[in-house]
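Right after this note come the structures.
The following pair of complexes shares a single chain, subunit A, combined with subunit B in the former and subunit C in the latter.
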Partner chain A sequence: MRRFVFPRAAAAGVAMLLLVPLAAVGSYFQHLLVMWMLFALMAVSLNIIVGYLGELSFGHAAFFGLGAYTSGMLTVFGGVPFWLCLIAAPLVSGAFGLAIGYASLRIKGPQFAILTLGFGAILHSVFLNWVDFTNGPLGITKISPPRIPLLGLEISGGIPYYYLVLFFLLVSAYLCRSLMRSRTGRAFIAVRENDMLATSLGIDVFRYKLLGFVAATMMVGVAGCLYAHYLKVITPGLFTLHYMAPMVIMVIIGGKGTVTGPIVGSLVYVALLEVLRASGSMRMLVFAVLLTLSVIFLPGGLVSLLPFWRGQRGGARQHD
Partner chain B sequence: MGAVFFQQLANGLVNGMGYVLIAVGLTLVFGVLRIVNFAHGEFYMLGSFATFFAMSLLGVHYIVAVLMATVVVAGVGVLANQVLFRPLRREHEFTILMVSLGLSLVLANGGELVFGADPKYISSPFADDAVELGSVFLTWQRIIVLVAASVLICLVYLFIRFTRMGKMMQATAQNREGAALSGVNIDWVHTYTFALACGLAAAAGALLGPTAVIFPTIGEWAVLKAFIVVVMGGLGSMGGAVAGGLILGIVEALGANYISIAFKDAIGYGIVVAVLLWRPAGLFAPRQ
Partner chain C sequence: MTEPLLQVNGLTRVFGGLVAADAVDFSVLDGEVVGLIGPNGAGKTTVFNMIAGSLAPTSGSLRFRGEDYVGTPAHRMAQRGIARTFQITSLFPTLSVLDNVKLGTHRHKKTGWWGATVFSAAYRREEQEVDDKANAVLGFLGLSDKGARIAQNLAYGDQRRLEIAIALAAEPVLLLLDEPAAGMNPDEARRLTETIGRIRDTGVSVLLVEHHMRVVMGICDRIIVLNQGNKIAEGTPAVVANDPTVVSVYLGRGATGA
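Coming up: the complex of A and B.
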């Protein structure tokens, strides 16, 4: 039944995402839509690690920062065009992901979470303190927006950028969905549910985990590149918990282990961030409480409520 | 050359003992309750702010304020355990880790709301006078950190090793169900462990507070250092926390002096990574 229902729901979702900007009046609202797309891309990539591999990486923001800095530094210091940055950013993030994943995926659970936190802290500290190379705490400014090579058009701000990021989000979501329906995806689930059993079935747990980890870091590298060229200013703050905690919140509140969960979670995050803007530092407090309540009372996230609305309890979880 | 070396060694030792004091609580909570407590650093933060407010609002002496902060924050820790972690005891470790992250964000942001985001300074009467030991200069405050931390760690060790409650904590750490079957009251063990761990973190905050300024997000720093220390030493091992804390403190101090002060933190983490590549479970990983 799910096979029949899902494509139609997915098509409706994609159509909605394509049409949303038509309703977006005012550049501020358009800005929020772009931020939603960027956060969604980050959350979808973290979801590969949290939702599919079943590990918690606290270093994901560092790979986001790596992608953003690779792109920003190439553009500003080297004059490299956007499209090449878009290739370089995931390569650099992925290369670090390979090295760090290779070192830290030997251990699992809480130790893995802490170790990735440590790696993230190393990268943050290097980018903050290597002032000659990265501009230190001042960050990189005046990153030029993407330019279409032949036409010479700039993709900057609002609706065009929304569609640019949406494209990458849809590709990522589609890749995730195909991945989870492939042999590799089933191996991921086996590793997540019981790694001992998976090993005994001949699944090379370490290799699959490394594969998923590198894929996720490359994806978030793309997000970093798109983020840098949209906001035009990046600082070492990108590497820290200030970006890590929101990513985790989006994945958990939306629903880990599903394709749509992180996208819904990031929408909730961006929307609430705006609604609560007036309350200043109360905002993170509200998110922290939401995270805690969601973990305890709604472990499947918001998307796990959907089948109840439709009145079909059977298909409560997509990939479990 | 020699003088600088010994000065940095002494600084590293003091910082390291501070790390040990934070990390021991974290490793205890993991060992006994199997909880990776992300909010541990916030109890450090609460400890330093409790000291600050006890001194500025109640006007008590620094030493009294330290004791009050320790007791009050230990109470807060017990409350957190009762309200959050006790009901979730049977949940997956992932859930508990996320809940502790939530608690950490709540306390840090709540702290910013209540205490204000501006840095504060605990004016300890011992912070200004320095002592000269041979060629090494240390403020009295840093000597107090060193001595108090050493005494506290020894007391905790003796408590766990020789008292009835300490032995029950060991039994729970080894096998929770087995301990419960032999009549150990697991609830009490958990409450004691949490009180002890949070009290130690608060004491660390109260003692280290005057060596720098304090601000509500300082817990993030504290928990990161403590995590690094316990992962290096082996999660759940007290000896590992002591060794890890001292190694981290001394490597940071010497690295800052001889390599680059800007990369002090990166050098510290680099050591941890090197240790973990060699022994993935940490230096003194307890048998599982």
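Coming up: the complex of A and C.
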């Protein structure tokens, strides 16, 4: 019988994530850590579509925006408590994910990517122009920080918020890991690798794609909610390529199809964004070059370097 | 049960003005190896794809285990016990050989994402069964020592055997093989013939589309010959090989009189 194995490397990684804030002096550095966590959550969710299902979605930022707006509007217009927003945001994102996925997932490859780009643009237009409902380009402001129900404590500021987002990141990472060890995850990979053969083995390709797509959109809905309550201000810009492009960069540079890749990729992105801040708009050029180099020379992303570093342990996994 | 495992009646497929399959009738019985042969363009693959459920017939009926299944999606037919291989090698190229075969077991298992998340007893039992089944199938096809290899790095003959391994891991009732001997050397072809025989011995029926005459003649219980979409002959290998119509189709018109 199988035993539950928690790999040492994963344990070390979790410990590192738990301890990092101790070294974070200054609120700005803490802010960067929170942004890393938020981006990591977004990247981990996009990876389900890009890495596991093997489809490219340019609409993922729109589902992020939907989660953020659901949460922001409920809080500001409705006075709904944070924890309810945290439930509502993934439900709304997931419902849109279900509808859009149902309409587009029978199409694959570049056509699917273009379709999702279109759906994202539609959602962006709606949130930008339906001023009575969404406040239009001014966005939603003064979103209150999360409050712990009974204690009345506010979770605001860097370190507590870091741990809040980290919790959801670890849950998501664990879900991705268990997915990859399950029959469901095997079916995802089969769909990515060879959908005709997958079909011939009784795998309902459309159903599995829809499942992955909805799961990813729900996950990014949570990220949107956490983002809205952290930054307190959201605008329709969340729906656009300004957020979409970084997510793709993080997943590809970090390593698509792995659990840790997107987390590493988002760290690289947030760090480089700061290091290159002085160079202004040249930053995007640097990212473009990095993305290109990564695709050409390191198609498995940064985490694909890990087996070399760990020596022969990268070889065949032994079962109990 | 008196009805054959697979019953094909009046199966027709028209592509534009071309009749690729014209009212083809035949059946496959339990535990039988049936060959489907014919020259290029005879409609073998069209018939094969309709039986597998991946191509809708223009008209005609298909019955599997007594149930009509025209219009049923391919993945559902796979779930009911029809496994197939493809004419052009079709694997999960970047996965290990073992993981390729594990995917074959999909239809027999139930636990999924949630079971793995909570590490349920059912999940652990099923994963163990999946491992055991995959290893058993690799052993059956002589691929045991290659389980950790990446599928796309295997030699051609091994890749073709892996395709059969994936299909067998699905524990089919009916196995459809689309030109499994294509590109094989005589040695590999002989081994394939022997493998198909062992598959039949486990009680699985096989429908074989093949060009390689030695394989077809060596293993089939019955052969169906197609030409230009029509069935022109059916019978045991000996009968078919001596049928004047078949001989003329294969050797050219003039050969009949010779």
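The criterion applied here is as follows: the second predicted complex is superposed on the first by the 306 of 320 C-alpha atoms of A that agree within 3 Å, B and C clash if a C-alpha of one lies under 4 Å from a C-alpha of the other, contacts with A are read in each partner's own complex, and residues count from 1 in each chain.
The criterion applied here is as follows: contacts are C-beta pairs under 8 Å (C-beta built on N, C-alpha and C of every residue); 3 or more make two chains touch, one makes a residue touch a chain.
As the structure is a computational prediction, the values presented were derived from the model and not from experiment.
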Query raised in the report: After superposition on the shared chain, which partner residues are touched by A:203: those of subunit B (first), subunit C (second), both, or neither?
Result: second
Query - Which of subunit B and subunit C A:174 touches, first, second, both or neither - result: second
Query - Superposition-derived comparison: subunit B or subunit C, residues of subunit A touched - result: B
Report task. Go through the superposed model and pick first if A:187 touches only subunit B, second if only subunit C, both, or neither. Result -> second
Requested in this report: Could you say whether A:291 touches subunit B, subunit C, both of them, or neither, answering first, second, both or neither?
Outcome: first
Query raised in the report: In their complex, what parts of subunit B are in touch with subunit A?
Result: 30, 36, 84, 88, 93-95, 97-99, 101-106, 108-110, 112-113, 117, 220, 224, 227-228, 230-231, 235, 260, 262-263, 265-266, 269-270, 272-273, 276-277, 280-281
Report summary line: Listed in rising order, subunit A residues that touch subunit B in their complex are 54, 56, 103-104, 106-107, 109-111, 113-115, 117-119, 121-122, 125-126, 129-131, 241, 245, 248, 252, 281-285, 287-289, 291-292, 295-296, 299
Report summary line: Residue set of subunit A touching subunit C in the complex reads 1-2, 4, 174-175, 178-179, 181-187, 189-190, 193-194, 196-205, 315-316, 319
Report summary line: Within the complex, subunit A is touched by subunit C residues 52, 54, 73-76, 78-79, 83-84, 86, 90-96, 99, 102-104, 106-107, 109, 111-113, 115-117, 119, 123-128, 130-131, 148, 166-167, 170
